[in-house]
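What follows is subunit A paired twice: with subunit B in the first complex and subunit C in the second.
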Partner chain A sequence: MIRFLALVRKELLVLFASPLAYIVLALVVLVAGLLFFDHLRAYNQILFLFQTSTMGGFESGTIPDHVNLRETVFFPVMENLGFILIGLIPMITMRVFAEERSRGTDEILLTTRLSPGQIVAGKFLVTYGFVVLAMLASFVYPAMAILQGGIGVQHLSSVFFGLSLLAISLASIGLVCSAFTSSQFMAVVASWALCFVLWDWSWLTPFLRDAESLARFVDAISIHPRYSVFAEGVVRLEDLIYFLGVCLVSYALARFALDWRRVAG
Partner chain B sequence: MNRAVALIGLIALAFGGASLAGSGEATWFSWLNLVAGGACLLGSAGVGVVRARGASAPAFRAPLLRAAGRLALALLLAVGAERGAASLGVQFDWSFEGKFQPAEATLAALADLCEKGELEGRLYYDEGDARRRSTRVLMETLAHGNCLGFEERRIEDYPEDEDRFGLGTSNTVVFVLRDERGETWESVERPTQGALFEALFRLRQLRSGRVYVARGAGEGDFSGLGPTGFSGLAAALQTEGYEVGEFVSAAAPEIPDDANLLVWVNPERRLSDEALGALRRYLERGGRLVALLEPGSDTGLEEILAEWGIQPLGGAVVDPASGSFESVARGLAPLAYTYAKSHPVSRGLDTNRMTFFRGVRSFALRKPQVDDRLHTVVFASPRAWIAEDEAVLRHTTAPVEPPEVRHDYWPLVVAGQYEREAGEVRIVAFGDSELASNQYLRALYNIDLVMNAVHWAGEQHPLITLRPKEGVAGRLQFPLALQNTLTMYQSLGLLLPEILLLAGALLWARSRA
Partner chain C sequence: MTEPKGQEAGSPAPVQGGGARVEARGLTRRFGPLVAVDDLSLTIAPGEALGLLGANGAGKTTFIRLVTGVLLPSGGDVLVDGHSPVRAPAEVCKRLGFVAETSRIYPDLRVRSFLRFAGGARDLAGAELERAVDATIERFHLEEVAKRWVGQLSKGYQQRVSLAQGFLHDPPLMIVDEPTSGLDPLQQEEVRAVLRELRGERTLILCTHDLSEARDLTERAAVLHRGRLVAHGPTSEVLGGADSLALFRGEAE
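Moving on to the complex of A and B:
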């Protein structure tokens, strides 16, 4: 356990000693803030137009149901932020395994009395901690403003929970890509591609009209629909397990990569 | 090299998918990318397998097999656990309005339809419609644990359905029922749980009976679409399986024999002797009546109710426990939260499920015969008192409580059950009619109270239920002050990233030094 904690400490030091971590954190917060402010400005404009003139068949002063803080501001911001994480999170995960491998320091790690499982677990845990911190930082601003509008703490918790699970899953995929290569460039590009491919398979469903079970399967493995449920304020055990499953399989894959490296070189 | 090929395959697959998702069409670009991507990934996997064979010396084999076994186990565990959790259907509705909590009534309607035949729910959508997400979660919640099959269909992919179901807009749900009568369907364009419940109810095609609504003396207008009309109640009666007919007292000497129930809503004028006679004879032969009165009215209905032990009191109930509402002063529009616990009419209603009365009179109960059963179904709060002059309802200030006034749980809705030789008589009397008007029928639990009274009076007990409610609390339609949010944005939205970037720059400079 002491060795494992030492590994976690070392990983934390490496992470926070890198300017990249701060750049990614700053980018996440900045993007969340910009998105929120932009949507809020548009929302206020739409609201003003509906309140003062006849628009879209609605009588003057009547605001249609869908123009509200939650659906016009908060959800689109969270939706876009979720997608933007595909771009940002692999930038953090790309170096975790690949850098050690390119420098050859993974050999040293493998010769310590830490098992490959412990090494992988340590790196995963530190990365998860970092992405949750990033989500917390990005969430504070929209959450504070939306709380003014009375969306409810429970609903906000559900959205944050979903956002964090999404970020952790994307980080897991990024870590797997990093574990299979010594090139950080390959790791980041592979993570982007893989996260993007897994994001939403719904584009396939029109081509699967005659294969309903296949359509259901591709839908079930998509990340985005799972995240959407949390955004609606519903916490489902199956979605929770889906995200945990992505982490588990990613852990097993990363460990397989390490075992392969140890055995086959 | 092999990994580079795999990477190229992934990139090509991502761009092919993006092209398909973006254009919605399979173009040469998307096909080329998808085919090339797939080929690269397959090739890379093949080379990987060949290499694995190369590394299959006995010394390597055992640890690699163990690693592969662990991987397979993790995959199996993840898929198994997810499927298991999906079949359990455990979920927590943390949404602000609690709109994904299936209502008892919706589940009962689904269970009934499942017994009748095969039920399918289809969500028709256009690409990019954000409302689809919410509807999908709602439909998946409803589909769990019963026969309802749920499917999503893009409208443009099913032009035949567009014509058949008359799909006018995206985010439309169509329920299709296949039973021994053949195939029937109902569509819902604004699929809230309430609207879905009503569609399911229509699909059940229940024959609950024939309801007559009295006309001819300025009664509530069941075809009136305005806020003071009662078309909402007429629609609710039809949805829940009643045929609605009119009884015009001036034109018909008797209430028709096929009437399961008579609804009499606040006549403006005094009823003719003929009309009152017809009502008396109807009740004496085992009739069912739901009467909605108003404070201060003297129409003749009051006399008949009194003959059956339900004596409408003069004046209006003032309930200081209720605040002011619209132009009505404090206490004059009571929110009722005390109900008879055991009576079917108020089943499920409690302190959290309130009903709203906009000016109400009370009743005194006195059994005409020992075996008769008279119950107060809805009470005012214990702080309520009766203002003798119903003119207080027109005042804009709260009435002043006279000294030594009696505070009590005044009855607001009462129900009577009478065994007579000709049959059982059932009467429900409301001290207010506006609670059932279009303006207030769907406020709080008013529709449940009124419809359950109808079902009880008409002896349709299985239909007594609490209907799904529409959440409106989440529709926050006010501007967030830009100046405030700008200040927050500058203090938190910009300051935090700036500090983080400065920290990163300092670290970089230190490492360079």
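Moving on to the complex of A and C:
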């Protein structure tokens, strides 16, 4: 435990010594803020139009049920933010393993009493902590407004939980890419590609009517539909298992990358 | 002086104090068609200071990586106090202090933080860790730079920090890879002075291609050429010939 805590402390110091951490944190907050205020502005315009003119068969001054903070602002912001995380999170994960390899400091790590499993777990844990912190920072504006707009704390917690799980899963994929290379550029490009590919396959399922099992498979590996369920305020065991599975498989692959290096050199 | 390939090379020097025993038996490492270490057998006695010599690409760093467990052997075995880095890496790491080349440290950490991490990663904690860090800072004359970022230090100081992290837990086996590479003559002398002071307290494997450094700091030398051990014995004898560079060309065979 002493070793593990020493590693976690070192990872935190290295992470926050880099301007990249602050840049990504600032970008997440900025993007979330811009998205939120843009949707809020659009919502106010729609409200104004419904209140002042006859639209879509509604009489002037009548606002349809689906025009509310939750449907018009909160959910679209969360959807867009989830997708934007694909661009931002690999910028943090790219350096975690690749930088150690390019600097040769991984040899220092491997010759201490830290086991490869502890090294991988420590790096994953610190990265998870950082992305959850970033999500918390990005969540403040929408949460404050939506709490006043009628959405319950329980529902809000579910959305934040889903957003955090999404960020953690994307970070896991990024960490695996970083573990297999010494080039940060390769790591970030591979992470973007992999996260993008895994984001959503549900569009493919209508074309796979004759291959039902394949359709079920591509649907099952997609990240976005799982995240959307949380956004509805529903926490399902199968989604939790999915996100946990992404983390565990990523951990195993990153661990394999460390072991493979001992074999391949 | 020159030993045949694959045989036990030289009798171990007498024990000079504490230290770990390192034993390589038919150690081989291949990278595809390239044989980096070829059927190498070598015993390093506890307390011995061994200079591992050879030209670039001779297999010195690969041998070190096999002893530290960073690489797995393709054949043969290496044991540190009877423990294999493949089967019992924790036992080997417990006995090991490893000092890599200058650039292989964390530039984003302050010296004291880096040493705290190095100690913590070797199971030192609390007051014991602080004592070890303080003692190491004093021993390696790092007081002036203890609060500075490692990346801002001169190469000489960086190498002292690198040596300090390796010695922090007082290991019985110290492996130092080209400690003066890239340093100016003054910095080289500083680092050599530190190594001279520490010599004899533990087993030391000094990987270098600087012959004067090997003469100065080690009592035995092993010369590698294309992964094979071409000479092993007292440093004065191995490097005492008229053309010691011939060993680097593998001509002693």
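Just so it is clear, the second predicted complex is superposed on the first by the 265 of 265 C-alpha atoms of A that agree within 3 Å, B and C clash if a C-alpha of one lies under 4 Å from a C-alpha of the other, contacts with A are read in each partner's own complex, and residues count from 1 in each chain.
In this section, a contact is a pair of C-beta atoms (placed from the backbone, for glycine too) under 8 Å apart; a residue touches a chain by one contact, two chains touch by 3 or more.
Only a predicted model underlies this, so the values are computations on that prediction, with no experimental measurement involved.
Partners subunit B and subunit C fit side by side in the overlay (superposition on subunit A). Taking subunit A as the reference, the larger set of touched residues comes from B, when subunit B and subunit C are compared.
Of the two partner chains placed by superposition, A:A42 touches none, neither subunit B nor subunit C.
By the document's definition of touching, of the two partners only subunit B reaches A:L248; subunit C does not.
Contacts of A:A211 after superposition: neither subunit B nor subunit C is touched. When the two structures are aligned on the shared chain, A:E238 is found in touch with subunit B, with no touch to subunit C.
Contacts of A:T105 after superposition: subunit C is touched, whereas subunit B is not reached.
In the superposed model, A:K10 makes contact with subunit C only, not with subunit B. Of the two partner chains placed around the shared chain by superposition, subunit B and subunit C are both touched by A:S18.
Seen from the Cα centre of subunit A, subunit B and subunit C lie 150° apart once the structures are superposed, a value rounded to the nearest 10. By the touch criterion defined above, A:R262 lies against subunit B and subunit C together after alignment on the C-alpha atoms of chain A.
Between subunit B and subunit C, the minimal CA-CA distance in the chain A superposition rounds to 5 Å. Once the two complexes are overlaid on chain A, the subunit A residues touched by subunit B in the first and by subunit C in the second are 17-18, 262-263.
Considering their complex, residues 2-3, 5-7, 9-10, 13-14, 17-18, 103-105, 107-115, 262-263, 265 of subunit A touch subunit C. For subunit B in complex with subunit A, the residues that touch the partner chain are 3-4, 6-7, 10-11, 13-14, 17-18, 20-21, 24, 26, 51, 55, 60, 63-64, 66-68, 70-71, 73-75, 77-79, 81-82, 85-86, 88-96, 100, 130-131, 133-134, 136-137, 141, 151-152, 154, 157, 473-480, 482, 485-486, 488-489, 492-494, 496-498, 500-501, 503-505, 507-508, 511. Touching subunit A in their complex are the following residues of subunit C: 29, 31, 62, 65, 68-72, 89-90, 93-94, 96, 98, 100-101, 103-106, 108-109, 113, 116-125, 149, 165. By the touch criterion given at the top, residues 17-23, 25-27, 29-30, 32-34, 36-37, 40-41, 43-44, 47-48, 63, 65-71, 75-76, 79, 137, 140-141, 144-145, 148-152, 154-155, 157-158, 180-181, 186, 189-190, 192-194, 196-197, 200-207, 209, 212, 220, 225, 228-229, 231-238, 240-242, 244-246, 248-249, 251-253, 255-256, 259-260, 262-264 of subunit A touch subunit B in their complex.
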